Each structure stands twice: as C-alpha cells, then as structure tokens.
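Should a chain be cited, it is by its letter among A, B, C and D, assigned in written order, with residues numbered from 1 in that chain.
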Amino acid sequence: MTSQFGSARQVEIYSRGGPGAVPVSARRLERLAGRAMTPAARAYVFGAAGGEATLRANRGVFDHWRIVPRMLRDVSQRDLRVELFGATLPAPVLLAPVGVQELVHAEGDLPASRAAAARGAPFVLSTVSSRSIEEIAAVGGPRWFQLYWGKNPELTVSLLQRAAAAGYSALVVTLDTPMLGWRERDLDRGDLPFLRGAGLANFFSDPVFCSALGCPPEENRPAAVALWSRVFSNPALSWKDLAWLRAQTKLPIVLKGIQHPDDARQALACGADGIIVSNHGGRQVDGAIASLDALPGIAAAVENRVPVLFDSGVRRGADAFKALALGARAVLLGRLYLYGLALDGEAGVGAVLDNFIADFDLTLALSGYRAPGELTCIALAQR
Amino acid sequence: MTSQFGSARQVEIYSRGGPGAVPVSARRLERLAGRAMTPAARAYVFGAAGGEATLRANRGVFDHWRIVPRMLRDVSQRDLRVELFGATLPAPVLLAPVGVQELVHAEGDLPASRAAAARGAPFVLSTVSSRSIEEIAAVGGPRWFQLYWGKNPELTVSLLQRAAAAGYSALVVTLDTPMLGWRERDLDRGDLPFLRGAGLANFFSDPVFCSALGCPPEENRPAAVALWSRVFSNPALSWKDLAWLRAQTKLPIVLKGIQHPDDARQALACGADGIIVSNHGGRQVDGAIASLDALPGIAAAVENRVPVLFDSGVRRGADAFKALALGARAVLLGRLYLYGLALDGEAGVGAVLDNFIADFDLTLALSGYRAPGELTCIALAQR
Amino acid sequence: MTSQFGSARQVEIYSRGGPGAVPVSARRLERLAGRAMTPAARAYVFGAAGGEATLRANRGVFDHWRIVPRMLRDVSQRDLRVELFGATLPAPVLLAPVGVQELVHAEGDLPASRAAAARGAPFVLSTVSSRSIEEIAAVGGPRWFQLYWGKNPELTVSLLQRAAAAGYSALVVTLDTPMLGWRERDLDRGDLPFLRGAGLANFFSDPVFCSALGCPPEENRPAAVALWSRVFSNPALSWKDLAWLRAQTKLPIVLKGIQHPDDARQALACGADGIIVSNHGGRQVDGAIASLDALPGIAAAVENRVPVLFDSGVRRGADAFKALALGARAVLLGRLYLYGLALDGEAGVGAVLDNFIADFDLTLALSGYRAPGELTCIALAQR
Amino acid sequence: MTSQFGSARQVEIYSRGGPGAVPVSARRLERLAGRAMTPAARAYVFGAAGGEATLRANRGVFDHWRIVPRMLRDVSQRDLRVELFGATLPAPVLLAPVGVQELVHAEGDLPASRAAAARGAPFVLSTVSSRSIEEIAAVGGPRWFQLYWGKNPELTVSLLQRAAAAGYSALVVTLDTPMLGWRERDLDRGDLPFLRGAGLANFFSDPVFCSALGCPPEENRPAAVALWSRVFSNPALSWKDLAWLRAQTKLPIVLKGIQHPDDARQALACGADGIIVSNHGGRQVDGAIASLDALPGIAAAVENRVPVLFDSGVRRGADAFKALALGARAVLLGRLYLYGLALDGEAGVGAVLDNFIADFDLTLALSGYRAPGELTCIALAQR
C-alpha cells in the first residue's frame, strides 16, 4: 500500500467504465447486501438489541462533529500507517470480530480473512467463528483472537493456547456480552444461529470442549450445542478475574466494550494493553450511549498510556477521521465488511476495504493532514 | 420467577423455532395489535388528546437519556424484586389502570388480571373497568384499585369499601381527569365507549349507584349512563378534599397524574403514600410535558419519603431502566399490555410481561447492575 | 357561551354517533379542506413565502414549550372571557383578517363573519375582502377592520371613515406587507387572485377609488385592477407616518406584524393601542423568526401597557394556552377557520370555532387554570 | 436593473397566467431539472462527496438562523449594488465556477455566461469549463477566472496570461481540491466526465499544454486526458507558494475553499485580495463543517480587510440575506443556475437569476432593509 490510496483507487474505479459488484456508496452497499442475504443472515447482521435505538445513535452521532478542512498544507505525501502492539498496520483499520460468517458466505471467515491478509489489515477472529483458529491462521495474514470469556477455565486456557500457537498477535476480550442481548429480529424469527450449531467451529474443534462433551460433537450435536450454551460466556466475571486471564497468555490483552471512563481507568489498573470503545454495534444494550459519545471521555481517561481503538457505526472515511480526531488509534469495521462479503466474497470484502481506506486517505488529505497521528480534536467543530 | 428472566426467556423463545402469536418487537407488536382491534378499540387505545404531541413526546424523551453500561461487575445473580407498601413485587412492573377492556377482549379485564396474577405483578383495576371489583378480586392476584373520584361521596365511599373488602391493597387516585380530555380520534368517530354503557361494571354493580338510579341499570341503560356521566369525575376537587378521602380508607393512597414538583410536595403534605408521575399516556393535556421530563424534578422533591412510580410511554426494558435511574421505584405498563391482550388474550398479556421483564433484566445485567435499587442517574448520560 | 365549553361540546359531538362534516382533528381538517378547495384556493390558502420554512417553523416552535399541568385546583368554574379595548370577548379568540375568501366560498366573507357573530368573537375584516365593509357590518357581530395602508391618503381616510361609520370597533394596521411576499405556489401558477379583480370589494365600492379611476370599476376592470395594484400598499411608510394615521381615526389602532421588541417599543411610543405578534402566517418573509419565538421578548418590552395578541400557526387549544402563557391576551385564527369554511361554510367555521374553544377550555381546566388571565410562563416548561 | 426587482418580477410572472419553463419554487426547480438531465449529468451535478452529509448540512444550517423583520422603515428605494474589486455588481450575486457544463447543455458555458452578462453579474469561469477562456470572453460580460492550480507552472502561467489578456477581472483560486473528492455517485457509475475529455477546453486550447503533449489533443485524446490528469491539481502546494502565484498576475486573487479562521488569517498574510467561504458544495470532504457555520468566525478574523464571499447551499433570497448578515459581501450560485440551464438554457439561467434577485430584494425590503451593506447579525436570531 502506498500513500496514494485515494487517488489510485479512484482511477481504478473510474477506469471500469461502469458499476462494480460492490457499490462504493455505503448506503447502496447496505441495501444491496441486505437483499443478497437470507432472512436469517439479514436478521442477524442487520439486527441489534431492543428497538435498535443505539444502532441508530451510533450512526447519528457522527453528524454532531464536523471536520474543518485546512488548506495549502502540502498533502502530497501521506502515510496512513499506525503502530499497534509492535506491529505496523498499513492503515488505521482492523476487521472487527464478527461471528457466524457462514450465514453470509459458504466459506465462513475465510474470504474476509483472506481479503484482510492481502491488505495487511489485522483480522480479528471471533470466538464464535465459522472456521477454527487454525484454519484462519493458515490464511497467513495478521490476526488477533477475540475471546468470549466463558465459564470453563480449562476451555478458555485451551482457546488462548491455540491462538498463541497459531500466531495470533493480540487477544481481544469482549466484556459487553456476559449474556446475549435482547435481539428482537432473531427472537421474532425464533432462530439463534448458534442453537443450530452455527458459529461453533472453535468449540467443536477444541479438545477440552470435546472432552467435557464426552463424544465428538458431530455425534451429538444437540448436546454439543447445549454444552456450548452453558459455557460460552460468564456473567459472574469481575475485574479481579483479569489477573487470572493475564497469567494465561503473553499476548497483549485488549478489552472490548468499554463505555465509561472509570472502566477505562480500571482496565489500565488491571494491566490491559489496549481498549476498544464499543457498544457491540448496538447489539447488547438498547438505549446505550452512542459509541462516539463515549470516546472522548475514555481517551481523556487513558491519557495515551495504551492504544484506544474505536468500534460501532463506522461506515465511511469521515467516520474514521472523526474517531481518530477524538482519540482513537484505529477503527474496527464490522457490518460494513459483511456487506462486501455478502455481495462478492473475498473480492467484496477487499473492495470494501479498498474503498474505505481510499475514502479515509482522501478525507485526511483534503482536510490538510498527512498521517493519522496528526489528528486531534482541533480538526473538528461541534454542532 | 428466578433471577435469570432474560436468559431463560430467550431460550424459551428461540426454542420455538418460529414466530409467536405475540411479537417480541414492540414496534411489530403495536402494528399487529392495531390491526387486530376493531376501529373503536383502535381509536380508544391508540388515541390521545389533541394532536397527540404529548403521546409522541412521551416516547421521544427516552432518547434524551443514554445508558452507560459498566463492565465486569459480576451480574450472575440479579434480584429484580422491589418493595411497595409492604409487599414485594417480583419485578418493578405493574399493570396500569386501563378502562373498558371489553373493547379489546370479550372477557374484559379478566385475561390481563389473570396474566398479572400468574406472575405476581399488581393489577391496577380501573374504576371504569369492564369487570367489577369483586370479579377481578376472584382472580386472586395482587391488586390495586384506581379511583376516578367523582361527585357523589357515598358512591366513592362505596367503591372504596368494596375495594378494601375485596382485598385490594392500594388505592390509586387519578388526579389528571377532572374531565375527559379532547380525544380527536374518538370525537371524530362520534363514539365514546362509556356512553354506550361500556366500562361501567363497577357502577352498575354498586348499591349506592343503583339506589341513586332508582332501578336496576339494565332496565334503563340510558338513564344509567346519564347518571354515570354526571358523577364519574369531579372538577371541583382540591387538595383540601384529600383529608376526607384519607379518612375513608386505610389503604395506601397513591396519587396518579403528578407532573409538577410542587404538586408532589403538596401530595406529601396531604399524606399521600405514593406518587405516580404520569400524563395519562398523553390522553388528557396535549402539549403537556413528557412524563420522563417531569420525573427527575419530582423525585428530587419527594426525597424518597414515599415511592415514586412512573407511567406513560414505557415500552421496553431500557425505558424502565431509565425511569428507575431517574428516581422511579417501578413502572406501569398501559397500552403495551393491551397490545398483548388484543393479540392473544391472557397468554398475550403474559407474553408481553415476560418479554418486558426479560428485556429489563438483560438491560440491567448487561449494564452492570443486579437490582433495581442500584440504579441512579449515574447510570445515564444525557444527550 | 358558558364556562363549560369543553365538556358540553364533547357531549354534543359524541351524541352525533358518527363523524361530522368538519373533522375535529386539525390534521384531518387540513387534509380534507385542501381536497375540497380549487387549486387556486389551495395555493393561496396553504402557500407561504419562499421555501415555506417559516410556515413550518411557526408550527414546530410550539413543541419547544410544554404545559406542566397542576392537579386538584378546583377547575369546575372557568371563565374564558377576556377584555379588549373596552369590549368583552367570550374567549381569547379572534378571526384573523384573511383576504379573498371568495376563493373558498361563493359568499366570500359572509359565512365566517356570521359564524363569528353567532359566537360573539370579533371578525377582523381584511382590506382585500370579498365583501365590503358595509356588507359585513350588516351581519351585526363584533368587528374590527384590517388596513393595508396604501399610497393614496384620501382612499385610506375613506376606508377608515367607512369602517368607523359601519361600527367597526378597532383598526388593525398590517405593517408586514409593504409589498407582497414571494409566494412560490401562486407564482408557479402564474395567478394572483387580486389581478383577476378578486378581493377588491372594498376598493370597487369606495367613492375615492372610483373617482380616481374615473369610471365605475365594472366598466373597466383591467384599469381598476391596475389602479389597485398601484395604491394597495406603501413601502415608503415609516414610524413618523403613524401620527397622521392616528389623527384620522378614533378607533384603537392595533399594529400587526411586529416581530422585534424594539418595534414593539416604537409602536408604544407612537401611541399604538395594541400589538399583534405575527409573521403573516409565514407568507411574507421566508426564513423569518417563528412567531412564538418572537412573542416573549415583545411581551416583556410591552410590559402590559397595551394588549399583545398572537397570530401565526395557532391550530389547537394547547397552542393558544402556550401563547397566552407567554404573554398574549388572545390569539387570531387564520388558515384554521378557512378550512372549516371550505368544508361547510358558516357551519364549518362555527364548528372550527366551537371545537377550538372547547379544546382550549379543556386544556385550561385540565392544566389547573380557570381563566386566561391566570396563565403565565410558570405554566410551561421549555424543552 | 432598478431597485424594484422583486415587485417588477412578480408582476412579470403573474402576468404570464400560467407556469413558466423554469419553476419559481427551488424545490420544484431542482426536481424538474433532475429529470431533464442525463444520468451522467445528474450524478455529477447533484452528487457530493461520500454520504453527502455536508451537502445536506449546507442546506440545513440556514434553518439555524432566523430573520427578524423590522417594520415601517421606508423601504421604497432599495439599492442592491455592491462593490467588488473596483467594480459594481447589480446585486450581491455571482455565478460560481462550475465545470463541464456540456453535461447539461450542448453549448457548455455559453448560455450561463450570456445570461450573467445580460444581467451584469460576474460569471466565474471554471478551469475545467467546456468552453475556453477566450470563447467566454467573447460573450462580453463581467468575468472572473477560476484556477485549479496544477503541477505545471508554465501551464498555470499560460492560463493566467490568457485570462488577463481576455479581460477577466479577478482570479479565483480553488484551494479545496488538491485531489478530487470521493464522489460516490460518479464512482458507482464508473464515469468521471473529465476522463472522457469533457471539461478540458482550456487545456486543449492551451499552447503550453499542447506543447507538453507533443501533438494536437484531438489526435491523441487518451494521451491528452492522461496528461491532464497528471497536471490538473497539485496536492504539494502550500501557503508559501502563494508568493509565486501573486507574482504571476496583477488580477485580484480570491482564495476559494477557506473554512477555518486561521486559514483566513493566513490568506490575508499572504496578500489574498478576497476570500470565498466554501466547501465546494459538499463535493470534497464529506462530514466537513457546513459552509454557513464556518462564515461568522472567518468574517470576524478578516475584520473587513478584504471582501468575504459565500458559497455552498444558497438556493433562495433568504439564504443570501443570512449569509450577508453573517459577514459575506456577496454569494455565489452553483447548482442553482445549472438547474435553470438544464431546463431552458440561457433563458433558464436568466430566469433563475431574476427570481433569485427578486426574492432577495423582497426579503431585504420586507425585513426593513434597503441595501446589502445594511445587513449585520443584528438582523438575525439564532434558533
């Protein structure tokens, strides 16, 4: 990746002479992707908790901040790279953990992880992925592992060891899901993909899980699903338990789901290596604070001691610009890349990533900046 | 009811494998219920005063507050119970007084009162109910009586004595209806259910009313209705009259319709045992302050000396969470349970209650709280 | 009119047993009236200046204020009467000057003036009315005359003398129309009713006008219209000219169109007897301040030295309540009564008035007030 | 042009007796123009960067300011003229630089420049116009030249010399386009007009360009387009380069695209003769501050030392009124005149200009002002 993403990608698109399989417009992308999905996939991917007020707020809040472009600053050379835990990302973009990708594509997490790998962007594999830790490792790109920290410590240790052995370079611990949110679209369909065994690849391939089950999962799928549902998450966890987790892995631990500055301070006190400000795309607590509204206070609390990442609602370059200006080191894309996946598999995810980065690169340059690290709240005005 | 409402109810719903008779989504619930009702029921239940600005404001105001979820707080054990007037409610939820339920269901108030009884939630019987005080008492659940305090003192005393004798444990006095509001939907249909004799069960079964009428109501329905319309409410009442009411009953007196902190102070000075912040679901004064906007000031004025309950606009768990965080002890559901009643009778009301409580339970847990009493405004951010 | 408007009118409507010719709901009223009008009438009545932003703002601004109802205040006896220039109005409601009513009804201003007369509400006759000063005087109700103060002083004097001779009791001088606003609906139809001779009854019947024309208007309508268009208004007028007007009439002079507190002060300094806060229903300056936003500052500037009336956007009882609470003595209804006129002539205007006053009466009572004079901004909360 | 634009134009329109080819209503104008355009033209003219949030914000922000009309100020004589760089404009309106007008009309920039010339309004010719500097000069009206300051200094000098030689009286340097924005409509069509050779008249007719190309552009259009795309803009430019530009021309230099007060101060320090507050109609940075939000701070920074012009979102007279009241000397119309061009060529642009100026004139007069220079923020209220 060079520093001319934006212009180069524009030329590439214009030279097509017609529309591509994956719309550039995020609105059209979302609409076409929705049509391309099965009802089950649509409900799972598009749905959020309750009345979906937080889903809407996550998007609406970006309009409360405006970029103030600066002129004549020589933006001919940009460098989008950012450092995270000793590695260099080509751009401040990661692929957020998204479970059950088999709902959207027959090959599950493979297409997206390949598209990410081809661009050097970290792929964060979900605990409830459709392909196992090892299968995604074989793709070969930069990869992080997301943990739903469940009730069985041995199983947790096993997952962590597998991730470390398979070359995952960071651990994302999702804190906001001690239980599954009240997702009305799924509930009204009477269908939770996991209960059909979807998204359980990491469990069915795990020796501790299989040993607890007492038989290969394929032989007793209902029992395997039932076991999963008993152990997958753990509402009893508290901050003091982090010490135990810290002891189980040498990977940097990134806490995902932080929405209050005091929790960010607590995370630092407990030795977290990074924080992801996120409300799980509005999928857990309906009525929760919009993710971008939570960011500035948390960034202030963290005082740059560890990287703060941003998740929930990012759809365009300007969103990333604003999140970075308000204190994030990088952003995670979730639903957005699923849309590309639904429309054109690996190429679709790739197109979404290329477009997103090109849009961000242009937004940066046209606003008078050359690198993500230059962005501060001075680049914004409030409305 | 255990402390795992949310998760248990989710499992129950997902295990259906398809949609239920009563949608989980409050929006779909409302839409389907509207279709299931007769035009007269729809106008009465959905309608509000004037241009229905307050009806809309009651809902919109919830978006002005956002929950700030807290992480890693061990929410495995929740206890939703709250104390009210010496009794323990399984969850901070009551069924608001709603008149003329025969519009929606042939059995009137029986299905809803049965569903409430099965869950231990107090059913607040309306003065203008379709079934009498005694019929609902026979259902056997916890029950409160709502009083439209009318012009005939003997009739009022009779209703109070019947309620006390029938085991009602609290008296809700609705203050906001000295006259009926300007309800355009009903007016444009030229149809007020009461004038057809609907919702007058407590009057037609009352010895004082029948004696004033001079004949059994069935023999002269027009005269009975006319008598009702003369006595049903009393715009001449003032605060000093509360002393008289206080002397007529030993039940705790809960004043419903309080919207100004000074009225809350007056209520305390007059010996009220509780307050319900309510604008009657927007059915009385169009343009009135949204109920949630009125709550914090009233809670501050009351200083926890008596319980403050909240009514008007509650449709989801997050709404209850916010009302409790702003000072309410419990919330009352009105239209919401009517929707369940319209779609599936007792089972429908039950489903609505179960879903509401499960949603509230999950919202509580996922936000880092274990009990209603832990909620304060610190759990919220303003937008 | 008694003090039980609200309840009595409700009983009257409910006893119909079906919908009336004139909907109670202001929204339905507007919709049906629009359908009942010719395109020319619809464009003229519904249209406003430019993009109609002020028309919308006039309505939207009412939502920025909320009524805070008070309980238990003995509202059994209300008195809606207000004093204006030595006369007593049955309720704080006047019929605003509206020109060219022949667009909406064959009898022009007669039906509305009759409906107003039957209720004792002042009818403000427009200079550009469809019936003459004398014809409306013959109806016999309380009446004010609205003046478009034009370029021919003799003609102005003639109109004032005719109004005084015909028993009009106040003079409303519209200041906001030194020229006609940029009304896109009319412009895009290429049709201004006046240029077809509509709404010129007061001119064609005036001896000064006819003498200036040199022949009876019927004999040379184009010349008559051309003469009218030269004299109808006068952009050269300034505050000092008010002394001349003051000298021409003994009637109280009410200045309509005041939108700035300094203009209100100037009006008092020039001896105005009253002020109407109005932006002409958004028909003159698109982008002008919403009328209700202008009211509090003007009321503060006037300090009760003369009555302040309110016009522009009033459609329901709650609107009047809010305007009175913010300093108005009474409100003027414009488009609203035209809707009734379009649907049912005199009876239609009557129904609109009866409904409006009943709605206001109920809003007053249910909020804890017994008379317009009790309303102050303490009755409201801002949102 | 006399001082009675508004009234005279009204009479002209009403006397048509029916709708004209170009709607007066800006909303209808936009709708009909969209239908009259080819898809390529529609995408180019209507489109903006990214999600078009700034395009919407540019319009929405006008609602945050309200005009407070003043009464009785003798507005019979208005003078709309403003001075700019020693010339007198008949009204504070210019035609903004808009490229590739051949998309909308076969004669490219000729119709609009003729309409502007007929009214004495400056036409700002775009660098990427469809007709050359000299062809537009031949039209004979007041004209400015807009420069996309590219990578080839000789070419820039050539363009400047041609403009000066052809009698252009000011140079507008667009700063906000060091690269082309991320325009999703064009991208999703895979079509950028320039890449088809459209809008390159000034390049193809330039001796320096042709010499660099080595052959007449018609002989190798692909090579010509490729050369253009390499030189058309220059992201490496910085403030210090302005000294070079200053030395190349005696024309007043007006910097377009300023959105931050510090950039305005820098512009003054670098000797700029004028500033255009603009975000390029939302076409460059999606999420950028609304142009009107940027204006007051920039006007304050400039302290009247040079003229500040306003661009982006102006559609009606009230918009111009507000921009002038917030510190602009004049406004530029962009998309608006293209709509007229699409519907009726030169006559269409003329109608749009006449309507706009008439609307502005009336807004001025009806608000109590007689000249653009009288407007200050005192004429407005904030909402």
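Definition applied: a residue touches a chain if its C-beta (ideal position, glycine included) is under 8 Å from a C-beta of that chain, and two chains touch if they have at least 3 such contacts.
Predicted model only: the values in this text are computed from it and were never measured.
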Chains contacting each of subunit C and subunit D, listed by label: none
Classification of the subunit A:subunit D interface as same or different, half of numbers criterion: different
Subunit B onto subunit C, rotation angle from CA fit, given as a multiple of 5 degrees: 90
Intercentroid distance (Cα basis), subunit B paired with subunit A, Å: 42
Averaged-CA centre spacing for the pair subunit D and subunit B, given as whole angstrom: 60
Chains grouped in pairs wherever the two touch, ordered by label: A-B, A-D, B-C, C-D
List of subunit C residues in touch with subunit D within their complex: 50-51, 53-54, 57, 175-182, 184-192, 195, 229, 234-239, 241-242, 255, 257-260, 262-263, 266, 279, 284-290, 293-294
Subunit A-touching residues of subunit B, taken from the complex the two chains share: 6-7, 10-11, 13-20, 23-28, 62-63, 65-76, 315-319, 321-322, 358-359, 362-363, 365-367, 381, 383
